[in-house]
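Labels run A, B, C and D following the written order; every chain starts at residue 1.
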Amino acid sequence: MKPETAKPETPSAVDISATLCGVRLPNPTVLTSGVLGLSHEIMVRVARAGAGGVTTKSCSLKPRPGYPNPTILDWGPGLINAVGLSNPGVEVMVEEIRAAKEELAPLGVPVIASIFAETIYDFGTVARFISEAQPDLIEVNISCPNIDDRYRQMFAANPYVAGQVTRRVKQNTDIPVLVKLSPNVTDVAQIARAVVEAGADGITAINSLGPGLILDIETCRPVLAHGTGGVSGPATRPIAVRCVRDICQAVDVPVVAVGGVTTGRDSVEMILVGATAVGIGSAVYYRGMAVFRQVCEELRDYMERHGYGALKEFRGRAAAIRF
Amino acid sequence: MTLPHTVRIREIRDETRTIRTFVLDAEVPEAEPGQFIMLWLPGVDEKPMSVACPTPLTLTVARVGPFTTALCERRVGDQVGWRGPYGRGFSLHKDQLALLVSGGCGVGPLYFLATQAVTRGIPTTVALGARTALDLPYVEQFRALGVDLILATDDGSLGYKGPVTDAILQSAICNSQSAIYACGPEPMLVAVHRLCRERAIPGQLSLERYMKCGFGICGQCAMDGYLVCQDGPVFDVEQLDGLRDFGRAQRSATGRRLPIR
Amino acid sequence: MKPETAKPETPSAVDISATLCGVRLPNPTVLTSGVLGLSHEIMVRVARAGAGGVTTKSCSLKPRPGYPNPTILDWGPGLINAVGLSNPGVEVMVEEIRAAKEELAPLGVPVIASIFAETIYDFGTVARFISEAQPDLIEVNISCPNIDDRYRQMFAANPYVAGQVTRRVKQNTDIPVLVKLSPNVTDVAQIARAVVEAGADGITAINSLGPGLILDIETCRPVLAHGTGGVSGPATRPIAVRCVRDICQAVDVPVVAVGGVTTGRDSVEMILVGATAVGIGSAVYYRGMAVFRQVCEELRDYMERHGYGALKEFRGRAAAIRF
Amino acid sequence: MTLPHTVRIREIRDETRTIRTFVLDAEVPEAEPGQFIMLWLPGVDEKPMSVACPTPLTLTVARVGPFTTALCERRVGDQVGWRGPYGRGFSLHKDQLALLVSGGCGVGPLYFLATQAVTRGIPTTVALGARTALDLPYVEQFRALGVDLILATDDGSLGYKGPVTDAILQSAICNSQSAIYACGPEPMLVAVHRLCRERAIPGQLSLERYMKCGFGICGQCAMDGYLVCQDGPVFDVEQLDGLRDFGRAQRSATGRRLPIR
C-alpha cells in the first residue's frame, strides 16, 4: 500500500508526544471522528501514516444508513457535510475497535470511540456497550449540526442538557470521557463549564460549523441531499481557534482542538491557545493521509527553530496574553 | 472545488433491455479509462458511474435499483449534476496484447479503454459476457473499432455458452504475452483474478464498493485496507491477493459488511 | 478617477431593480456597513461604480477611535476585522448623509444609515439624531461581534433585548428600520421573530461571523490588536445563506442578505432563499469597487439564461423546497 | 493572504537626530518606489511606512509620536511584522529630467526612486530640505549615487536658507523639461503642486492620510473622492487640482476631518 505506510518516525531531538487524560499519544495529531474511522483496517493505515491517535466514526445503538448523497462536498474554502451520522451500530463498532486496538497497541496509538444517541438515556447505554471494546477514550458527540426535527436542538446547545448527557455517560463507563462541543452557540465557555462540572475528563472542540447551506442555482436545490450541512476545513479555523481559546480559559481539562487544522502552523496555533492534541479531518482531503506525518514534521521544525524540547513548553502561551 | 456541475442530458441510447447510455452536455478531457464521476440526480441521490467516454461525458448504466431506475426515467434535456473524475484508472501495458473482459455494465469503462488501446496500436481483444444475446451491449461499437471480439452468453443464444471467463480460456491470447483488463460483477472478477495468477498474466480489475464522498474521506468504500474510491476502483491483481473482502463482502450505506450475492 | 466612474448602465431587457421597505433600489447590490461608508464622496463613488444602495459605517452618539491596528486582515478564505466600531459620531455622519443624499438622489441610489449604541436607551437617541439627515432607511447594528467587556453580550444574542432595541428605535423615527442580525446564535429565526414583532420593517443578515481568532505563531500574539475579530468574506457564505433562509422562512419582511457575496452566482443564491437585496463588503477587497457592476452583470446573465424578467420571478424559489 | 510576516530587525542606522533607518530580514522585490507597507509592532500598533529599499526591506522613519517612538526603541534582532506592498507608486517619465524634492522623512521613498532613475540613466537632481544641517538625512547616500544635490535648511546652517521649494526655483532644471517627484510635509507638497501647475511641470506627489486596512476597504484614508492607500499614495498633480482636503484636512482615527497643522 501507499508511501505513507510504516515509515520509521524521523528521529528528532524534540519530543512531540502528548498525554490526554492519562493516555499517551506518540504525537498530538488525532484522526477526528467521521473521517475514515469506519473500519479498523483504515484506522490502522491512518495510524501507520502518522496519526498519534484515531477516533472512530460516531456510532449509535442501532445502525443508521444516514442521508442520501451528496453527503460531503468541497465548496472551495472548506467542506460541507450532512452524512446523517450513518454508522453500522455499536455492536459492529465494538468489533472494529477491538480489532483496531489489537493492531494499534504495538504502535502505541490509542483509539478514541466516538458515540452519540438520540436521547440522554441512550447515551449511557451506548457508552456501556462501547466500553466492552475497551477503547482508550470515549468521545461523546453532542454537537452534530445536522439535526433532524426529531432531535429538535443539539444537546450541545444547552448547558443543562449537555451536563445531563455527560453525567449519564460517566455513570456508565470507567473509561475517560471527552465531550465534543459545537461552535454554534453564543457562549461555548458556558457549555464547557457545564460538562466539566458534570464530570467530563476532557473536551473536544469544535464539531463542524453552522449548519451552512449551499444551493445549486441551476436547479434551485441545495447541493447536499439533506439541505443544510456542517462546514469544516480551512474556512472554519479562526472560529475553532477562538472556541478552543475560550474553552481553555474557562476550564482546566485537556482539550482536543479540531477545526481546519491543515498544517504544522495550525497545530502550533491550537497548542498556543491551550490545546493538548489536535484533531485532523478535512485536511485528509486537502493533503491526503500523509497530512499527519507532514503536520508533525512542520510542528517539529517550528519547535526546533524556537528551541522547544516538548509541547508543554509553549502550550497555552497565547492564552496567557490579555485580550 | 468539487460542487456538482449541473448539465443537461444531450442524448440517450438504449444498449440492451436494461443498459442505457447517457451523453451529457459536459467535457472531461482529463478523465482516464476506469475513472469515475459522481452522478447527481437532484432530489434523488448521487452515485458513482464510470466514464464511458470523456468528450462529451458519456455514461453507460445498468438498471438495477432505485437510483438507476430514476436515472432511466430521465429524458433528453433533463438536468443532472456530476463531479469528478475520481480514482485510479486503467493503465495500458504497451508491450502486452490487450484482453478486455466485460460483464454487464462493466462495458462502459472498457469501451473507453479499447478506444485508447486502438489509438496506441495495441492489438486488442474484447470479451463480452451477458445472460442472453439481447443483453450483450456495445457489440456494434466494438466491431466498428475493429477489435477482436469474444462473445459469451449464459444461454448460448450468441457466442460461447457459459461464463465469459471460461470463453477466454479458449482464446489463443489468454497467456502471459497479454494483459487482462476486466470490469464486471465481482464473482467474474474473482475468476479473472484466479486466472491471472495461475497463468502469470498481468491483470487490472475495476471494483465497486458503496461510495459516498468519492474522494477518500468518508471511509465508506473501504475494502480491507484500501479505499476503493482513491486506491481504486482499478487494482492490479497482485493488490487483491489474500484480501478478506474481495469477492466476499461489501459495505452497505450504514458501513456494515454484507456478503456479496 | 478610475474606470468604475459613471459608466452608463449596460442596457438590458431584464429588470434587476428591487424595492426594500418601500424604497426603490436600481439594482439589488448594496454597499454593506463598515466598508468605505465613512465619507459621502466615497459613497457617491461606490454608487457610480454600480451599487444599488449604500450603507454608512455604523455611527454612535460620540466619536470612537476604535481599536489600534491591525484592525482588518486578509487570512485567505476571508477577512477578519476588529475595527472597534470607530466612527466620527452621529453629528458628523448627519452631515455626510445629507451630502450623500444630495448627490445620490439624481442617481436614484438610496442611503442606508447604520447606527449602534452601547445602551438600549441610546439607540433611540442616535436614531432620532440620524433621522434629521433623512436617510432612506435606518439599519440598526445590534450584532457587532467585537464586544468589549462593557457590552458583555451582543444585543442580537437575546430575543428580548433585540426586541427592546428595535422598539426604542421605532419610537424615535418614522424612517423604515432594518435590524441587523448576527449568525453567532443558535437560533437566528427566533431573534428575527422578536425584532419583527417589535416593529422592524426589514432585516439585514448577517453581520460578521464569530468572533474568530488568528495568532501570529512567531510572537504568540493575535494578529489583530483587539485579539478576536469578526470573520467575513467567502469563508462565511454557506453560514450566511443558511441564516437568510432561516430568517425568510420565519418572518415576512424584506431581507438584505449579507455575507460572502462576491459573484452574481452568490447574489442569485441569496435571492433564491428569499433575499430582497444583497449586501457586499469584503468582495470590494477581492474584486475592487467594480464588484457591484460585475455582480449585476453576472446576475443579468443568469436571468437572461433562465428567461427571468424580474427578481421576484425567482425570489424565494429555493425556500419553497422542503429540506 | 496579507497576514503580517513576522521578521527580525537586521540593522538600524541613525540618519539624523530624529530619523532612523531600519533594515528588516525581508525581501520585497516587487515593491516600487512610493509604495508602502504596513509595519506592525506587536502589542503597539500597525502603521504605514514607505519602502526605502525593497531588498532587503528598508524603512526610514521619523520619530513623531507614540508609534514611531516605540519603533525607535526597538533593537537589532527584535521582531516586527509587515504586509504589503500597497498603493500606487511613482512612475518615472523616461524623457524628462528627474527632480526629486524631499522634506523630512519623505527621503526614504525618494532615495528608492533615485536609485531607479540612476540605473535607467535619467539625469537626476535631488533637493533635500530640513530644519538644520543636522536634520538633513541621506546626504552621503545621495552623493554616493552621483546625483546632483540641492540642500536647503530653515536656519541656513547648510545650503540654501529657506524652504526647499524656494531653493529649487533657482535650479536650472526647474522647468517643463523636468518632472518633479516630491514627498514630505503636506504644506511643502502644496507649494510643489502650485509650482508644477504654474510652470507646466509634470509632477507626482506622495501624500499621507490616516490608514487602517491599507487595501481599500475601510475608507479611513479618504481624501475627497480618493482612497489614498489605493489611488495613491502617489498622485499626479492634475489629480489634486481643486480638491477640498488637499493641504487642508485629514481624518483622525475616528474618521473626523481635522485641519492640517
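Operating definition for what follows: contacts are C-beta pairs under 8 Å (C-beta built on N, C-alpha and C of every residue); 3 or more make two chains touch, one makes a residue touch a chain.
Treat the numbers as computed from the prediction; the structure is a model and nothing was measured.
Novice: By that same contact rule, can you tell me which chains touch subunit A and subunit C alike?
Specialist: none
Novice: Of all chains present, which has the mean Cα position farthest from that of subunit B?
Specialist: Of all the other chains, the one whose centre lies farthest from subunit B is D.
Novice: Please work out the Cα centroid separation of subunit B and subunit C, and write it as a whole number of Å.
Specialist: 51
Novice: Go ahead and note the Å separation of the Cα centroids belonging to subunit C and subunit D.
Specialist: 36
Novice: Specify, in ascending order, the residues of subunit A that touch 2 or more different other chains.
Specialist: 75-76, 214, 221, in rising order.
Novice: Given which chains touch which, is the overall layout a line, a ring, a star, complete, or other?
Specialist: Drawn as a graph, the chains make an open path, so a line.
Novice: Where do chains touch, given as pairs?
Specialist: Pairs flagged as touching, ordered by label: A-B, A-C, C-D.
Novice: Give every residue of subunit D touching subunit C within the complex, in rising order.
Specialist: Residues of subunit D touching subunit C: 1-4, 6, 38, 40, 42-47, 79, 81, 83, 212-213, 215-220, 222, 224-227, 231, 251-256.
Novice: Name, in rising order, each residue of subunit A that touches subunit C in their complex.
Specialist: 75-78, 80, 153-154, 157, 184-187, 209-215, 217, 220-222, 226-229, 231, 234-239, 241-242, 245, 265, 268-269, 272-273, 302, 314, 317-318, 321, 323
Novice: In the complex of these two chains, what residues of subunit A are touching subunit B?
Specialist: For subunit A paired with subunit B, touching residues are 1-2, 34-39, 41-42, 44-45, 57, 63-66, 68-76, 79, 83, 86-89, 92, 214, 216, 218-219, 221, 223, 225, 281-282, 284-285, 288.
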